[in-house]
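Listed next: structures, encoded as structure tokens.
Common to both upcoming complexes is subunit A, partnered first by subunit B, then by subunit C.
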Partner chain A sequence: MKQLAKPSIGGFISKYTGYVTFVVMVIVLGILTRGGSLRLLSWQNLAIAESVRAFGALGVGMIIITRGIDLSLGQVIGLSACVSASLAQTPDYVSALYPGLDLPAIVPVIAGIGVGVLFGLFNGFLVAYGKLPPFIATLGSMTIAAGLQLIYTHASTVGSLQNEYKKIAQGFLGPVPNMVIYVAIAVLFLWVLLNHTKQGKRIYAIGGNPTAARVSGIAVKFETMKVYLMAGTLYGFAGVLLSSRLGLANALTGDMMELDAIAAATVGGVSHSGGVGKIGGIIIGVLTLGLINFGMTYLGVDSYYQLLVKGAIIISAVYLDMRRAA
Partner chain B sequence: MSLDNTNILEMHNISKAFPGVQALKDVSFQLKPGTVHALMGENGAGKSTLMKCLFGIYKKDDGEINLNGEIANFKSSRDALESGVSMIHQELNVVPDQSVMENIWLGREHTLRIGPFHLVNHKRMASETGKLMEQLEMEIEPRGRMGSISISHQQACEIAKAVSYNASVVVMDEPTSSLSEKEVNHLFKIIRRLRSQNVAVIYISHKMSEIFQIADEISVMRDGEMVATAPAKELDEDKLINLMVGRDMSQRFPTVEAIPGKVEMQVKNLTSADENSFKDVSFDLRRGEILGIGGLVGAQRTELVESIFGLRPVVEGSVTIEGNDIGIQTVKDAIASGMGLITEDRRGAGIFPLLNITENTSMPSLDRLTNKAGLIDHKTLLKQSREMNEKFKTKTPTMETPIKSLSGGNQQKVIVARWMMTLPEILIMDEPTRGIDVGAKYEIYCIMADLAKAGKSIIMVSSEMPELIGMSHRIMVLCAGRKTGILKGEERTQENIMRLAAMFGHDDFKEEDAS
Partner chain C sequence: MKKLMFVFLAVLLVAGAAFAGGQQDDGKTVIGALIRNTDEQFVADYADVLKGLAEEKGVELNLQDSRGDMALQLDQLNTLLSQGVKYFVVVSNTTEATGDIAKKIQAQGGGAAFSNIQPSVEALKVGPNFYLASSPESVAGEIQADILDKYFKAHPEKLANGDPDALDAIFLYGQLGHPAQTYRTNAVKQGLIDAGYKLNVVAEDTANWKPDEAQAKMDTWLAAFSGEFDVVIANNDGMALGAVESLLTAGYVDDPNDPSKDVDGDGIVLKVPVVGVDATQVAVKSMEEKKLYATVLQDAVGQATTAFELAYMMATEGSATGKKAWGLSPLSAPIDESPANDAAVAGQCYLVPFKAVTPDNYKDFMN
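This part shows the complex of A and B:
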């Protein structure tokens, strides 16, 4: 019964396509920029820029593993950013949403996460118990979040945030940006969750075959709800980090981020047929798309053309994935 | 019947092998126009494989097919259809939300040309459909929604569709499996009508009584070989059973040595929440006993066992295990009270296709294998999954292989391993050997016999009468959702099972199928 599969270079590459592609891209870019892109500062910038997207991609990645999708994440991140920013404005700022308000930084953080939690519960309820197709349910909640964002900010920018609040995302621990530490914590947590707990195994089971999951005693609705809730929590935190990093938030904050996050999860090998996807893959997907943006900007490629390249990469990643699965 | 004796269809020396199984060995088959030719054999005898080779769904390894004297190598059912060879599947292929006529003319709608546009000509489609219905003496409204007519009418529409292609050969696979007696008679009327129009019908069925009513000729297959072809009048039921089984029953099943002990589970007056399903079913199950559940399609056997397992709601009755009313509400409860369920539909409700053997085996046992910190004890999990699969002799390259790349029989062993890992006292097996080859079947039977010997109780739902008789201590028979009897000892015969299984006409719940 035990008969080890022969390790081969081809097998290794096909198993770790994402990682291999990423390493190749780093090397090529390093050569093209004569080492410029390999400097610490470049990596710090890349990491900071991609951190918020990483939270989104981790959340939606788990949802895609359960055969779902989440279109609301960009707007939820945006709404969370606006709400948290509004509670972190300097008290003497005349155009503040709540002039004179002076709260410890923990309050806007909790409020921002709270926004994500509420939307996660809402989406999860609609999908798991309301049986709405995830695409439609989250299309609705995306629209609601976008509306709330406009109403809450009166369509103007929430700026002049307190330094203490801005430090949350802008600070460094040695050479490592705080943002990277938050992502690392989330990655570690989710990696343990998906690989070493029954909840994690159940997420794969639900995505792999929901009927068989039910027969195996898994409370499919409840577990699905939990996945949306977890994703919402991640979005909430991402919104806080975004407003803290930018030092402001407005109705456009987070716009279209859902598409980047879904693209990153997809490039990272999360299958839309469900049941397949790894945390490491999602992060590689985020970094790959980030590196493309960053590299092309560094090389002076017109940003309009960058979109074409990005689109082509998404399509080819999925194409290769489908071929491999078939 | 036609006097023309040249064959319309001839299959010569067809062979087909799948990895590990020789599904067809040198099979030849001749079909005369204007006859109904029954193709019989047990499940796994090769009837469907032969038909799939005819329709090009499988590529035959060897042999030749002639239609009207010319070599025919169909690439798909569509290809066959266009040459006048049509198949009515057991599971009907209808689009329920479209009208009857749209279903019949699907993909070749009558059109009306207006300038550069081809528009669908609904009027012509309706009138053509009406003509077809007239020709077959059927009363079905062409514009009615397909999903709102009964299964038997849907089937009739499929036949009408075949006729619309000027079919000269129509294959029907178990056409009566979900029909009531009245509907069967209507179907036979249609079949006779086809025969009078010189159409040749290949009729695949298990049901003896029907065969002798409708067939002109009978061919019998067994283990991938054609064992006999003869005019129906030269055969009788006994001869036919002998041809189909062909060997001593005792060789097909291991001896079940277990002697049932004290009562393990009692089911009392269990009634489904679905009024068209089972009512007032009571039985008990002993330790070390294999209780077979038999009945026709629609007898609600699967519904009964799935309700006991908490997958479907019940409104009345109780389930007690070792004297305690366990009041099963959810599957989790059922697992916790020591039950396991191997579902009928292995692919749809059993396996997690992309997950590996370890993950597939351990899924329901995760609660037990999670430590206080909430983490899975991977070492124990791997060890137990491996041991279970070794015990049941699962053939797999590694424990990391995705289950979808194993054969049906090996997948089934993984599912058995999955439930045995939950340490159950009661194992419910719904059609445990469906879709697996003869050798693997025997292994599954041996596993069942061993489990019973070890004191486990087994409920086995099966549509194969030899399996019920060969493996069960007692056989409970359901008909139309009601228990019609329990057979034990010498009473366990095919005749008795059939008598109890067909005790009531099951017109009562045809409504359910139609809705």
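This part shows the complex of A and C:
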């Protein structure tokens, strides 16, 4: 069914399904909670809860656009959280990983991002130059990151972080949580990159048809590597935000977050067939799943059933995605 | 594409309608329960007890399972607080997070009772309405050490395997980094050392709480270390039973011709004792068959009831300070273990006793 230039309600809904779904869900939830979910506090909570996942989903979303996948996301975020936390502990904390260490907050931030960068390079190298299937390559790096987390933290919690460091993620600018500002910056950057730069066009081209992309002169390996590197950088920063927000990190931090992020990107319309996906869609995907989590908690839905609902939504999203792609 | 929207809406409406019923009862006492992970037997039992008590008292219980994710637990707390829930029962994911949890609840003028994972001293110092209703994990490890100390005192010849001067032990750990894994392990090791044993770790690895993984690990170790270890210590009963199965299958018993016979009179048919934690019904049954040697009961009913009663008193009477919960009085003087070691908050600590389950008393724990 081809839409003509004439605007129609059906065409609008069809084009912006994700956004319309989200808005309708907000309204329905607002009614079910008798306005409770519409208050500013609820929005702040939702935004804070989903910010870290948003970084993960943006990273893996770009990778999925290139027909890849990244299972290492959760563990890399976790490792970054542990490393950054270990450099931000209060100096007088006796159980600190490095007792007495007192560094300005920028050091743990850079270290955490560094962890993400290294894993991004590693994944990108394995996939682009080593020609490993992304699923397997990142399964390997996921396991390595999980092992490093345990070794680094001695399997204990890295807690008692300095207030200055905690403010990075816990602070507010007026009514807006800092976390939201970071996500907004990342979104803006990636949106410009994907929509208004040659590199963005190359990423879509690689995902759409890698052979054609190579023939048309795109350095597919190098570009693929760059996508994994960018994703890794996002994970690194996500890890920093997570430890800053929690005021701690342990070996379970970030566990299984890859599944949430992949689900959010998928629900947000990023196609696993490659070449299709928008930054706005990914964010809507994150918010949609976040709203479902939030709504079910608010309504007191039994936690066990929450998993069923989430699973059903992911399966339907992928099913519809496949039908669209076919 | 509209189908996608339909699916979302249908799911949300069904979920909402099915559960929004409880929301309509205004004026009902509301208690929030933040539970770290019901995959674990103890926590699952704890949650079930809470649900039962809430029904009994006509309390609306909003129980949330964070599935081991501290960030999710914090989100759940924020959501419940934004709804006006003030009083909580908390099984946190980690001690280090309890301070922040308490501060958030205090900011709303509420209170909380912490179970299973100890709150920090800082968390209890946030206000008088924050309580410990728990048996610290490390005590489970200490009781394991105590049970083994008594076993080896009674049967010193059982120390002869491997290094005859040392207690040669094999350890099966839960998920690494999990608080129950860390605390139980450290405590049983320290307990054995404090009891005067030279501890020699023959082999140690995680089996992620799972019997099948434990069985596979034990199979490998039996091939490598047969005759070189005195004891198998597991962080939970599931893994202990996996090890027991492995030992039985390999014929690592007193009398391979009759594997149901306790030849040396140490109370078990296996050559070495295996100990766990939890006192699950399967484990107690295994003890009756003289396979598993001992386990430790972390009292889910006691902890959940104490915590619930504290939260209930706060919600209905404004405070629970100094009152009895589940028949327990708060501590009158500090003890050695954090957070009850700080005199300033000892009066907010309700210690639910752990129980050693041994061949002498296991019958009391059979349902």
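One rule holds for everything that comes next: the second predicted complex is superposed on the first by the 318 of 326 C-alpha atoms of A that agree within 3 Å, B and C clash if a C-alpha of one lies under 4 Å from a C-alpha of the other, contacts with A are read in each partner's own complex, and residues count from 1 in each chain.
We take it that a residue touches a chain if its C-beta (ideal position, glycine included) is under 8 Å from a C-beta of that chain, and two chains touch if they have at least 3 such contacts.
Model, not experiment: these values are computed from the prediction.
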**Message:** Clash or fit: subunit B against subunit C, after overlaying the two structures on subunit A?
**Reply:** fit
**Request:** Spot which of subunit B and subunit C makes contact with more residues of subunit A, would you?
**Result:** C
**First (subunit B), second (subunit C), both or neither touched by A:29** = second
**Message:** Taking the superposition on A as described, I'd like to know which of subunit B and subunit C A:313 touches: first, second, both or neither.
**Reply:** second
**Message:** With both complexes superposed on chain A, which partner does A:252 reach: first (subunit B), second (subunit C), both or neither?
**Reply:** second
**Message:** Is A:86 touching anything from subunit B or subunit C once the two structures are fitted on A? First, second, both or neither.
**Reply:** neither
**Request:** Look at the superposition and give the distance in whole angstrom between the closest pair of CA atoms, one from subunit B and one from subunit C.
**Result:** 17
**Message:** Give me the intersection of subunit A's contacts with subunit B and its contacts with subunit C, in residue numbers.
**Reply:** none
**Item:** Parts of subunit C lying in touch with subunit A, wherever the complex brings them together
**Value:** 1-5, 7-9, 11-13, 15-16, 18-20, 22-23, 35, 38, 60, 62-65, 67-72, 74-76, 78-80, 82-83, 93-97, 100, 175-179, 181-182
**Request:** Spell out the part of subunit A that touches subunit C in their complex, as residue ranges.
**Result:** 13-14, 17, 20-21, 24-25, 28-29, 32-34, 36, 39, 41-42, 45, 48-49, 52, 149-150, 153, 155-157, 159-160, 242, 245-248, 250-253, 255-256, 288, 292-305, 309, 312-313, 316-317, 320, 324
**Asked** Where on subunit B is subunit A touching in the complex?
**Response** 309, 311, 330-332, 334-335, 341, 343, 345, 348-355, 359, 362-364, 366-367, 369-370, 374-376, 378, 389-390, 394-398, 418
**Asked** How about subunit A: which of its residues touch subunit B in the complex?
**Response** 1-5, 192, 196-198, 201-202, 204-205, 208-209, 211-219, 275-276
